[in-house]
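Sharing a structure with you now.
Chain lettering (A, B, C and D) follows the sequence in which the chains are written, and residue indices restart at 1 in each chain.
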Amino acid sequence: MSKIAIIYFSGYGHTEKLAAAVEEGAASVAGASVIPLRIPADGVIEDKTWDTLAEADAIIFGSPTYMGGPAWQFKKFADESSKPWYGKAWKNKIAGGFTNSATVNGDKFNTILYFFTLSQQHGQIWVGPAQLPSNQKEHGPEHVNWTGGFAGVMAISPADASPEEAPRKGDLETARLYGERIAEYAVRTRDVVFA
Amino acid sequence: MSKIAIIYFSGYGHTEKLAAAVEEGAASVAGASVIPLRIPADGVIEDKTWDTLAEADAIIFGSPTYMGGPAWQFKKFADESSKPWYGKAWKNKIAGGFTNSATVNGDKFNTILYFFTLSQQHGQIWVGPAQLPSNQKEHGPEHVNWTGGFAGVMAISPADASPEEAPRKGDLETARLYGERIAEYAVRTRDVVFA
Amino acid sequence: MSKIAIIYFSGYGHTEKLAAAVEEGAASVAGASVIPLRIPADGVIEDKTWDTLAEADAIIFGSPTYMGGPAWQFKKFADESSKPWYGKAWKNKIAGGFTNSATVNGDKFNTILYFFTLSQQHGQIWVGPAQLPSNQKEHGPEHVNWTGGFAGVMAISPADASPEEAPRKGDLETARLYGERIAEYAVRTRDVVFA
Amino acid sequence: MSKIAIIYFSGYGHTEKLAAAVEEGAASVAGASVIPLRIPADGVIEDKTWDTLAEADAIIFGSPTYMGGPAWQFKKFADESSKPWYGKAWKNKIAGGFTNSATVNGDKFNTILYFFTLSQQHGQIWVGPAQLPSNQKEHGPEHVNWTGGFAGVMAISPADASPEEAPRKGDLETARLYGERIAEYAVRTRDVVFA
């Protein structure tokens, strides 16, 4: 089995919902096993989380965009990943990322760029969603990639929308397809020998 | 008078419309004179454009976001600005920026970051829109900063919308307020002696 | 007096030394009073820190670059600044930033971009170092802006160098000049009325 | 054979030299054939260049960093790649990037981020250098990844150094290893079926 780890922080439940959609997509792929890992509010990462990540074939990063970047709890995780970094433990693992915030654009791209930057410090292989956008007048939040991220999945949850209401249909479907894509890639490249 | 130059490229007219809104806002400020400078399709910058920029108190950058960054015509202008860069000719001039693209997010933030990066190579002072976003369920393209840029003005023009149809009301008003803000700042700091 | 706050995190003392150089430069300006605020290792921000920041004319951000971005302790501070953000309490305050890391390039630019992104969410005015680089063959770590940042001050402290050894002369002088520049700008624009 | 295309611009020959090192590394891999494609000074891309790119398994991007981003000639190429973008013609092709500039840091990271952004609009798979940095006191330009890029290869050519003198030994070796890595990955994943 190819192991897909999803390590994410969620403050109010919207990013959790996005993570669940990525998980659903990844789990639908034959030969893939998915392990969601939610970073707690105090940012403390358990030892076994690091063990799980060390064994994963793909590590997908997720966080809300707070003040133009990933939540500090995610950054604390990233800072502590200097240990596997030093030992090149994540080299060649597949990477990807997703984020959510209330504002339509809201500098979300910066969070995705951070995930990418982190992945490259680790020597990972970045696989993005590869989705063209739904960008015509008739399109709205119910269409795939209307939000319009390219390097990772971006979702919009209006400031007064509960996790039951948002992210909306299109964003969740984009996330589901992304999970599927990463898992497919992990399964297809599983037997590739690459140092 | 404080001189506000707006140097921009527009491919199909949508960014032109955004530039016009920035211009309208800046021109409404007592003591400000505004000079719009459209970069032509062949990217050739006239000598007098450089003279105008050398005399400006503020230089506002504008371009559509094409393939995740400013149009090449704008980048050609930026590359050629290495001459005033070398002579520190734009040091301490106020800077700002705006962009438009079809996709909702569409990596527009990257274009604004490029404008900022360029301004900082020149030693300029960056003044952003300073607008909180309209990010509740009831908000839409008709509200100020629904698109939700912070570092510069971002606008959305759906792929099948003409310049008559888009950018829409909220984006244009955000651009107008931004022009006003930059011109106000230029006028208020005109007599400040700063080397 | 113009109040210049320097809010920063330092893990091993190198960024502390850079902060001290910024402080020295700012304090050398007539009419400027400087308040250094070090974020503790547990990331807990005291109430009076927020009060000090609310009263400042300029807020300068500082952090090491860890894993391609600011340290989590800084990000925690940034996340908690959503309260003054919501109330636009930092609007029009001057902003700037500095960072240090062991590797020559080391994605330091990403940390400066984050500081800028944060400042723009707050509606601040960004003032960079405005230093041309020392980029000829004869130049080295002892020259001003050899490290070559434009949007903020970047410093290099090799992985095996103590805070007594690094950041080196050129980086410290770049930082000192930057503190001076920001304080000058704060003093010169103190009586400017701008809403 | 796996086809590795290197599409790059070089203004004065330094980036050309870096491209040659990437080519040398890629060509040393059994089963890889490398096609260097230099963008001319007028930015005009020949039709057969697009054909070559359409058939490539990997597309590596290269440009000097001019004024904080890729040269306009490269951006013109990127803008014109909207045609293969629209048809998803580069989806799942491997991507990578390299840049050179005179200043040590010089905002080079921004150019690499642009290459990444472009690759993700195309749905490509990003493979970075995966090199730890040489960041101790004893290290210098002759050591691998002393310059210290993670997401792509960064090189330093002092402003008064000819292409015979720079990029220097360490940067060229970093580029050679990167070409080797990308070609290895292309060869190993050649038979992977992935839509």
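Note that a contact is a pair of C-beta atoms (placed from the backbone, for glycine too) under 8 Å apart; a residue touches a chain by one contact, two chains touch by 3 or more.
These numbers come from a predicted model, not from an experiment.
Note on A-B: its contact pairs, compared by residue number with those of C-D, A-C or B-D, agree for more than half at C-D.
Note on chain placement: the centre of subunit A and the centre of subunit C lie 31 Å apart, centres being C-alpha means.
For the pair subunit A and subunit D, the distance between mean C-alpha positions equals 26 Å. Residue positions of subunit D with contacts to 2 or more other chains are 68, 107, 110, 113, 117, 120-121, 150-151. A complete topology is adopted by the chain contact network, contact being made between every pair of chains.
The part of subunit D that touches subunit A in the complex is made up of residues 86, 88, 91-92, 113, 116-117, 120-121, 123-132, 150-151, 184-185, 188-189, 192-194.
Subunit D contributes residues 68, 102-110, 133, 135-137, 139, 146-151, 154, 158-161, 165 to its touches with subunit C in the complex.
Residues 43, 66-73, 75-76, 78-79, 81-82, 85, 107, 110, 113-114, 117-118, 120-121 of subunit C are the ones that touch subunit A when the two sit in their complex.
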